[in-house]
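Here's the structure we're looking at; comments come further down.
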């Protein structure tokens, strides 16, 4: 018998029925009862570490915890839309800095994560951990995640080449010294083709990650502690001009080495000698460029002025508990278990070179172990010494926008510099920054939810902001 | 008695048959349409919190430099799709029109085929074709013109829009060609013969005979492709890996709406952008139809 | 001067020769030129597809080495299924492991269901507009025309809010129900059914058929070409739909191919081959459907344009 409506509708109908059955069957077989806690991480290395720790927690608390690792980007999108639409979310989740801000655009009650401020204060963790780290995970004075790390930044350099060139690292105290030495001894055309084959720093002209890093070190920032926009401050202008000088034109000391394979090739070839390396990245170097073992070393960042900060920060992870979580106390227990676990601090360091934000843990023997890769330096100790100086980075709801707009000015300023040189550069950058900041301020001031909250806050408490 | 009952039944039937449409329209068209008006006067945090802000959404959008960028990108794209893509489609249709039936079908199939692939898939494919040094497109340009091997088509603010236009050209030339082919088939062949005998050259024949004959189709295609251009979103979104390009160089009106409503969570501003876009589309389509109408009177 | 230039010059040269040798019959040269242009354009159009197929089967290490395929001597070494193997490996998600074939099934199911549902409701509505006279018919038709003028994106934000509020978020209902009755489809079916002789319907009534069975058993089989063309349009639209699933679906295991492949561009940032293999798989089903239905489709498309 022939299907009276033609072949195409027939096959499509058959297709819909077959796939529908297949879907129902897979749902039936794959659906398992929900465990007591579902915990999602994005970093594969965290996943490995927690996988070892969680069975112990499950045993002592007699519960079932489901740990899963998901790619950062899908995780972020999914969380943002699911928290707003009230669809299913995990109980606990690790968030990547600076994306916490994306959850903070509405009233505090809409954040979707449990306000951990009181719990953290009850354990005195706000004093026991590096204070500046809570800045990343806070909005309007409330803390929404427990910091996993500090991520103080250092410079990793090719010790072998630097020594060959007769450069004394201890003389590189300020960035002025650094640039001077770079011009005198580092940036060179070695094969005589008119193009330098050796640069001092790896910096992309777009300023991705490294511009905010340097800005923070210099004391500039996108937002101040009260959440006011400060992207157009004088120090940003100064920083931008410096950055443009070092990345553009003939006198630049940096080369944009990119990421992945091309980057490690540039590093191995000695095309770039210095790199911005927070604790986590020092391990990435060890793993991705093993050929440089013993040829690398670490040093604090040169300061901007005598007595200034010798470090900055890049990246970070925080653990948040969702409002949907049924068993919030248990989740908080697990959070403490994972983040304040002395044994794990040592394992974590061995695995990731990451030092914990908990100050009392820094004298653990694990951090005193010399590291062969970095020419026998005590990497843990070096980072722990820098950690208290790590600048706070106030991540507001509009952080991504501000970072984007600021770096747009950096690109435009760079193009201006290549065309007209220093003449009028400062005024140009300043004016551009002012316009972008005005734009962002308009967007921020429009947000009635942030404004409402300010009114409420000032009525209830004052100065809760760290 | 039975007859009357039956008549009532037949009378009722069309309403029954239309009931699904009427219900769905009320719920998913009329109600949202009204709520879109209200929503556009509110600021929201996703579907959760909202607050009345009056005309502030409109005022903000209309003065937002990003929105201006989105409008200018959209307009440039629309101009290229009308003045580059459509003439090419028409040219192709004319090349094909005189071919034999079988070859015509064959080429028509091939040139139309990109339309089977959704914008997202096309975006994904072309995001790799435009890779500096290794991308197929960059290599082809290098071979053909000795230029462009290292072009960062999707990273350089001034090349993003051209890259999107090129991709759209590949995708939609065949689609519009189908319409033009259909239009050309309805051109009266004897008129062309008559013009030829009168000594008209090819260009005169095209301008005075072919073009007026396909004008209804041409108007239709112009209006449709303008409306389509103003709603461009998925193609650049996938090409630029879910972002809007360096310095917003790949930001279009619907991308702006999407980022406002679903990235920033402000459905109210999203609704306001929607209304502004609707007014723009309506104004432009009406103008186009009017222009083609006055051209008719002029002849 | 490279091979491409020489090739193009040769093609041009042949044209000049043809034109010069047969001055009395220039149309031979022009026909030649016409076909050369058509073939060149067709190759440019097809090149990305050919490239896609090649890339999907190339070993990840040589993906960027060759524009298309490696030389045949290297085939055994450099052509393999590694990309597909990687693609079909399970991926962790909040709902547990998800496999790529699940996305294929989701997409097929959604496109299939959407097509069947839309076809039924649109043809039903179209039939009542074509073959009944009733009060309010003019108004409904006018309303339908007017509603086609409103671009869909205006409704994006309010419909999303509605879907969240009535609890259809993260379900396929949110994707199938709002568009279950397409205005465009109703017009198409009306156009096709207006020409059906009324006698046939009367005969059905005399035979004691119900109105619904007249529609289903007498009228629908008569408009098969339209059904086929409409099937393809709806199937393609649903298969390629990105914004809907992107906005309404949260669970990874429920996602469809466009959303997942867009996601994979980020996830497999250094393994182009994997998401290219996925894209290749994603464009096969609509291609099959199209080749079966292309005659109906193109005539349907063009007739709409010429009358409209």
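The letters A, B and C name the chains in turn, as written, and every chain counts its residues from 1.
Throughout what follows, a contact is a pair of C-beta atoms (placed from the backbone, for glycine too) under 8 Å apart; a residue touches a chain by one contact, two chains touch by 3 or more.
Keep in mind that what you see is a predicted model, and the values were worked out from it rather than measured.
Common neighbours of chain A and chain C under the contact definition above: B.
For chain B, the chain whose average C-alpha position is most distant is A. By number of C-beta pairs in contact, B-C leads over the other of A-B and B-C.
Per-chain CA centroids place chain A at a distance of 39 Å from chain B.
Averaging Cα coordinates per chain places chain B and chain C 16 Å apart. In chain A, the residues touching two or more other chains are 73, 81, 85.
Among the residues of chain C, those touching two or more other chains are numbered 164, 247, 266. The residues of chain B that reach two or more other chains are 47, 242, 262, listed in rising order.
Taken in their complex, chain A has these residues touching chain C: 4-9, 12-13, 15-16, 19-20, 22-23, 26, 30, 32, 38, 40, 68-71, 73-74, 78, 81-82, 85-90, 260. Interface residues of chain C, counted against chain B in their complex, comprise 2-5, 34, 37-38, 41-42, 44-49, 51-52, 55, 64, 67, 121, 124-125, 127-129, 132, 134, 137, 140, 147, 149-162, 164-165, 177-181, 186, 205, 211-212, 215, 236, 239-243, 247, 258-259, 261-262, 265-266, 272, 275-276, 279, 282-283, 286-287, 290, 294, 298, 301-303, 305-306, 308. Touching chain A in their complex are the following residues of chain C: 92-97, 102, 105-106, 108-109, 112-113, 115-116, 119, 164, 169-170, 217, 220-221, 224, 227-228, 231-232, 235, 247, 250-253, 263, 266-267, 270, 289, 292-293.
The touching residues of chain A, counted against chain B in their complex, run 73, 80-81, 84-85, 105-107, 109-110, 206, 408, 411, 439, 442-443, 446-449, 452. Residues 43, 45-49, 51, 53, 56, 60, 64-65, 242, 246-247, 262, 264-266 of chain B are the ones that touch chain A when the two sit in their complex.
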